[in-house]
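Dropping the structures in below, format is structure tokens.
In the two assemblies presented below, subunit A is common to both, partnered first by subunit B and then by subunit C.
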Partner chain A sequence: MADIEWPWQYQFPPFFTIQPNIETRKKQIEAWCSLVLSYTRQQKTYSIDVRESQNSPLFNNKAINRKLSMDCILTVLEELRKTGHLEWTDNKTKKQCLVMWRTPEEWGKLIYSWICSRSMNNTVCTLFELTEGEESEGTEFHGLENWLLLRALKSLESQELAELMSFDGSDGVKFF
Partner chain B sequence: MDRFEWGDDSFLPGEKQVLQQRGVALYDGHEKTSFQDGILVLSTHKLIWKDVTDRSRILVLHLSLVVFLEEQPSGFAKSAKIVVHLNAVPSQKKPGPVSHSANHFIRLSFRDAGEREFNQAFSEQLQKRLWEQSLPTATPGPQGGRHRAGIMGIERSLKQKQKDTDKDISKAFEDLSKLMEKAKEMVNLSKTIAAKIKDRQGEISEDETVKFKSYLLSMGIPDPVTRETHGTGDKYYSELAKQLSKVLEKQLQECGGIMTLTDVYCRVNRARGMELLSPEDMLHACELLESLRLPVRMKMFDSGVIVLQLQSHDEERVISDTTDLVKEKTSLTADELAQLQGVSVILAKERLLLTEKVGGVCRDETVEGLRFYSNLFLTRTD
Partner chain C sequence: MHRRGHGIGAIKKKDLAQARYKDKGSEIAEDQVSQMAKQMEKFKEHLEDFAVNHKEDIKKDPEFRVQFQNMCASIGVDPLASSKGFWAEMLGVGDFYYEIGVQIIEVCIATSHRNGGKDDLLRAIKKLKVLGNGFTVIPVGRTYLVQSVPGELSMDHTMLLQQAQDAGFVTKSDLLSGLKWEEDRAGRALDFMVKEGLAWLDDQATPERQYWFPSFFPYTAVTS
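The block that comes next holds the complex of A and B.
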């Protein structure tokens, strides 16, 4: 975890109190959103358990003895949901959520440009090849979780840049 | 026998009947008198003998005239007697049956017995001397002090009481008005002392004297606006507002241009001495400050705290001052700011909240309290 780059706000005590001033709060929430996304990207996590997250370094800075309260965490997560980076897996209880530090559309674009760069258009590859294959090693989407990959590909499909297909239990995709 | 006076069987206020005995004859010394068969009544104040046959024949002997009693037991064909030794005849005495007698004692002859009980009760009353407690009203003048029972008597005693209370009250207020006069003198005294200290400034060592001086200087309103001098209603309030503004202007400058209404209330009333202001009157007068275009204005903060501030007191300057101060100290609580700027904690907090409202500072709320930091969210760009 030592490689995580904390923003300057993380060392700033008021960062952990929701600011009543609207303008200040806007900046504060923005900072929190980008911190959550960069943290999950660096940790390669795709889900957050709200209760556990309270004690994770993300919301709890032990060095300055400040932690974000439950309410504030929910405020931040809700803000992320609005920008499309987060989805509740349990919409009512709001205990578990999926974080997408890139939206499916962004992932789709990333994958498509990678395909183009390797001139793999009009070829079919399996999903496994895309995320776990040797060729994709070093790309950002290497190790991407399946559910997110599917969503990314579906967004490409809706733009008619790819087509999902399945044969014998294994899924594949064809890029155009 | 010459100590007896003609009288009636009515009682004085506070007087009570103790005992009564039939068949008693009176002796003047050793001699028989014409008062043979009567009812003897002992009260707390006097001895009354009432003739059985002629009811108008009533004799009264005041107990104050009795020196001591002596018992004479009954003998053969002789009834028991009580010898009553008497004082000299008082100078103011109402007419009695005998104008002069050589004897200084009378004898009560108990033909129907009962002498023992009577003697006992008689001695008891002589010891208690209850008549002395209301003697002044009992003895003077032929008619005076004779409070007859009934409505007249009650009315008279009520009137007397009223008179007494009137006297007490006027006496009490006499003292109060003296005190008021003194209060004015005290205010003047404080002013002269203040002036003296002002003249000698520099000669006397600073610190304590300076503090003392500032107390004195802030004291004393020579002719406070009162309802008596300025009537009631709008005129009173507007005059009061003018005076408040005049008195407070300098004091406000000294403490940073702003003061809570509670502080103002205390200071003004201390300065007014005896002519105290009610909180309502003061609030009312303060409400007029703005319409009268006076240099001091009232302001209510969002939190409900009401203050008086100088009109020249610039909010923007306060904000920029506070912002700079917080930036300089990295972080401040209301407490710390109050100490730094010499204002009350409430006002310091109001300043911080005001500055926060415009984004100059941001807050850090913990169990240890509320701290304000420079608003890096807005100022830092990286």
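The block that comes next holds the complex of A and C.
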């Protein structure tokens, strides 16, 4: 497991108790949201299983013997959904969700500026090349999961900066 | 055998030599003073160049600023305190503490939970007093609290904070036993702290609820 940078709040016991003061709670939830995003970014994970997450270090700080209750976890995740960083894969049961520590638009921008920096505009490359190819090694989107990559590219497509295409059964993309 | 250094002639010679030494001595001393003056002048020039080159660092990096201030203090210059003259023009730092003052308002509003750069803050907040009573520094035991709430802390609240400052938190029992308060009084003071956003509840504490104060919580970055 990679080293995680924890914010100071993670060591602060009341951080794990939902706060009654509205203003305080607002700050608390914000801090939790950014912790969830930075944690998943550092872990390079793209999904959360709510039940499992209860025991993950993210919501359970064993060192200070504090953990976030299921209710609070759901509150935090719901907040992330509102900001466009999370989607439930099962809208009704809310057991599984996809986390996007960068929104598809942000990923799109990142990929596009990489393409521009390598003058790869007007060339076609496969999706596999983009995220698994040698050339993209060291970039943040190396290893990006396919569903998120597709969304990132679609957001570029809607800005007319890219066009998704299919050839010989494999997916490719052309950047403008 | 004729020993040298005896008789009138020798004495006169010695006097003369001494006078020469003396002359030479003061000449050297003068030299040294003027050299030193030159060096100080040079140093000042360099310090000025340095200040200009690192203006942004001085303004933005608190550690850098402390070191720079120490360096200046060693030659008797306080660039950040004076709002007149060279330093103010050179760095635009005359307004430094006023700028911080304004930023403090922002910081206090945005993060009522953490504060750093104590000396800067204390100076800046003192400047802010001219604006009214919205911002005050309350000495609590060994440390200071910056009050940005336009309210007043009563004696009870200050005592409560004193009680909390060592552990970073306080419980109702602490107040009952430590301050000999009635349950009611303790409850009211604690509720006030929560209502003002000064205290956070920890309901997972045993054996009873703890009221934590982020301002007393030592910051430690943790990697694991």
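To be clear about the criterion, the second predicted complex is superposed on the first by the 174 of 176 C-alpha atoms of A that agree within 3 Å, B and C clash if a C-alpha of one lies under 4 Å from a C-alpha of the other, contacts with A are read in each partner's own complex, and residues count from 1 in each chain.
Simple rule for what comes next: a contact is a pair of C-beta atoms (placed from the backbone, for glycine too) under 8 Å apart; a residue touches a chain by one contact, two chains touch by 3 or more.
None of the values given here were measured: they were computed from a predicted structure.
After superposition on subunit A, the partners subunit B and subunit C are seen to clash. When both complexes are overlaid on chain A, the residue A:Arg118 reaches neither subunit B nor subunit C.
When both complexes are overlaid on chain A, the residue A:Lys95 reaches neither subunit B nor subunit C.
Counting residues of subunit A touched by each partner, subunit B versus subunit C, the larger count belongs to C. In the superposition on chain A, A:Tyr10 makes contact with subunit C only, not with subunit B. Of the two partner chains, neither subunit B nor subunit C is touched by A:Lys44.
When the two complexes are overlaid on their common chain A, residue A:Lys27 makes contact with subunit B and with subunit C alike.
Steric collision with subunit B, judged by C-alpha atoms after aligning on chain A, is confined to one stretch of subunit C among 22-30, 58-66, 130-138 or 184-192, namely 184-192.
Residues 8, 12-14, 16-17, 19-21, 23-24, 27-28, 66 of subunit A lie in contact with subunit B in one complex and with subunit C in the other. Subunit A contributes residues 8-9, 12-14, 16-17, 19-21, 23-24, 27-28, 31, 66 to its touches with subunit B in the complex.
Residues 331, 356-357, 359, 362-366, 371, 373, 375-378, 380, 382 of subunit B are the ones that touch subunit A when the two sit in their complex. Looking at the complex, you find that subunit C touches subunit A at residues 111, 113-114, 169, 194-195, 197, 200-205, 210, 212, 214, 217, 219-224.
Of all residues in subunit A, those touching subunit C in their complex are 3-6, 8, 10-17, 19-21, 23-24, 27-28, 57, 65-67.
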